[in-house]
Amino acid sequence: MNTVALAFDQAFALVAGGDAQLVRIVLLSLGVSTAAVALAAVLAFPLGAAVGVARFPGRAAVVIVLNALLGLPAVVVGLAIYLLLSRAGPLGSLGILFTPSAMVVAQAVLVFPLIAALARQAVADAWRDYREQLLSLGASRWRSAFALLHDLRLSLVTIVLAAFGRAIAEVGAVMIVGGNIDGVTRVMTTAIALETSKGDLPLALGLGIVLLAIVLALNLLAHVLRERTQERA
Amino acid sequence: MALTRRGLCALVLAATAALPALAQDRSITVASTTSTEQSGLFGHLLPAFTRKTGIHVRVVALGTGQALDVGRRGDADVVFVHDRVAEDRFVAEGSGVDRRDVMYNDFVLVGPKSDPARVAGGKDIAAALKAIAQAKAPFVSRGDKSGTHAAELRYFKLAGVDPAQGKGSWYRETGSGMGPALNTAASMNAYLLADRATWLAFRNRGELGIVVEGDRRLFNPYGVILVNPAKHPHVRQAEARAFIDWLVSDEGQATIAGYRIAGEQLFFPDASK
Amino acid sequence: MTRRPSMLPLVLEGVGFDAGGRTIVDRIDLVLDAGPRTVVLGPNGAGKSVLLRLCHGLLAPSRGRVHWAQVERAGEARRQAMVFQRPVLLRRSVLGNLLFALAVAHVPRASREARARDALARVGLAGLGDRPARVLSGGEQQRLALARAWMLQPEVLFLDEPTANLDPGATREIEAIVQSIHASGTKIVMVTHNLGQAQRVADEIVFIDRGRIVERSAVDRFFARPATPEADAFLKGELPWH
């Protein structure tokens, strides 16, 4: 109980003090996760939509694999990306290991299956209602997929938020590929992990509270945006 | 709809721009250990170096085994660890060149106030470990190929004890860094071998305190090695050598000695050559 | 109108369709020519909607052939259209829905807006272009669906119970638009279960019962002197004074 009370104290002190290091860590967390989700979404939305409307042999297998990838452990993704980006690995010449770019890549890989699977589900459900009319109009599968993505845009916002939540909350992948370098690749989650292992639990918890507050604020913002666009239906 | 799309693009661009500039003009990557980082030494040491040379040092803190592996792969320019045997092997296999002594700190045996093995106040690490094994008192090990872990295994050997016999009963391997292992020991009221620096910086002590210290065999020397540029041409040789040279210089050594926690010196300069 | 050779007549030979282990329609032989407005009548579950979808190509027959005089080529604008009982509109503006259909038909971008606004005017929806399509009333939505279908000057327009969910006022509006579409040269093929509507709209009736075409005749003759006992029973069931 004492630790928790101390934690809240720490959290307020950090935020009120506008600690420069904290600000940098928060901005980096937001930047990395936003870039990762954007990168993943650009690829995953069309893929998910395409699988949602297409019919091809082996489609069931693709859907099963996609859904299975939802359970991909973050630390496994981190390890795989590390081996790829290491100088001793195939993409080593890119030289992005232990930089924020590697973290963006790792988080993007992590949330890609989430976005694709959820998009596929949403599009497939909508396809049932739209299919006959779109085929009647002569729309190709691709055009139909994109038209559905556009129609489902409010649901897509929810999917993006879910992906963002997963990205910003994970620590295993970014720890391995980022290296938790002070001032360069230290994000909220790795900072919390570090403070925990140093035994500074109130500070760790305080950082955790700040992180939660940010995620809460973002969800609130998205909710307001959704309500506004609903009105204009 | 077009407005939301444009807004989203702007947000993404801003977010990516917020990412700090990577690979700034002059920087090196140093693979070191979690115990060293958690002691807070780097926070004290590196700014002095950067002020003097303008070179930024990016420290990736891992267990010793992992740090050397990072060096082996060429993902760092310098390795800075404390496991002489592993360091020598690193150089012998051609992964590193120019190993230099830098400093040493020491290990301490920490244990619960209740002291079930009756070792408190002792000055002999081997005797203490023998007593703990005989009493089957709980003992937490990092079990992670770190320098600390390697040292611990050496001391058990000196004591004539095979800790593997105790796996699953009194000998508990956490496979983690110094901090998490300390957390575990504190909550289990177990004995643990820790480096003094991490212990002094550690806040969550519970009932733990130092029970054995000062045995000469508990000294823990650190070495710095340049990752072999012949093997990894992309290594930033000039900047890396500047760092190593500074560490062993009078100025660097004095800075190391000047780092204190609660008035106590943690690291003792040791660059002889 | 269309300078291309006509797609009609549409010929169905020995067409059958099975689903879920049941035969829905069977041994359908039908020729649809340009000209008369064809209305398909029948009791519930007779297979009217399935027949329409087989004609339009939304379903592939389990047996037999469905074949047009001219084949539509992939990548070209569609020359037949269909309006469903419940209009399926995209979640965008009224005008946006029409622009989408024009884009699908590869109509040059420059002429799209003019054609779309013209189509809206023809169905009496001018001025509602910027409204979200979803907030329109049921009747307005169906008019929009008709505008979308008519806009591309189809040779054939299939309608599947287009006014089943609408009130009498909206129903009359829809029927008037269908009449205009017919007058502009499009072949009308409509399914309805509203006998009054059938009498108003049709030139000929195709009567289908339990998956088979049982009778086909001019509208006046069908209602005055049905030739088959099934048609007779059907009309008696619906019109107590017959």
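The chains carry the letters A, B and C, assigned in the order they are written, with residues numbered from 1 in each.
The rule we apply is simple: contacts are C-beta pairs under 8 Å (C-beta built on N, C-alpha and C of every residue); 3 or more make two chains touch, one makes a residue touch a chain.
Treat the numbers as computed from the prediction; the structure is a model and nothing was measured.
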| item | value |
| --- | --- |
| Chain-level touch network, classified as line, ring, star, complete or other | line |
| Per Cα centroids, the chain farthest from chain A | C |
| Distance from chain C to chain A - Cα centre to Cα centre, in angstrom | 46 |
| Chain centre separation in whole Å, for chain C relative to chain B (CA means) | 78 |
| Geometric centre distance via CA averages, chain B-chain A, whole Å | 32 |
| Contacts with two or more other chains, residues of chain B listed in rising order | 1 |
| Residue numbers of chain A (touch at least two other chains) | 150, 153 |
| Residues within chain C bordering two or more other chains | 92 |
| Residues of chain A touching chain C in the complex | 129-130, 132-139, 143, 147, 150-151, 153, 232-233 |
| Parts of chain C lying in touch with chain A, wherever the complex brings them together | 53, 56, 58, 77-78, 81-82, 84, 88, 90-92, 100-101, 104-105, 132, 134-135, 148 |
| Complex contacts: residues of chain B adjacent to chain A | 1, 4, 8, 11-12, 15-16, 18-20, 22-23, 29, 34, 38, 42-43, 58-62, 72-75, 176-180, 182-183, 186, 201-205, 232, 234 |
| Chain B partner contacts - residues on chain A that touch it in the complex | 24, 27-28, 30-32, 34-35, 38, 86-89, 92, 95-101, 104, 150, 153, 179-184, 194, 196-201, 229 |
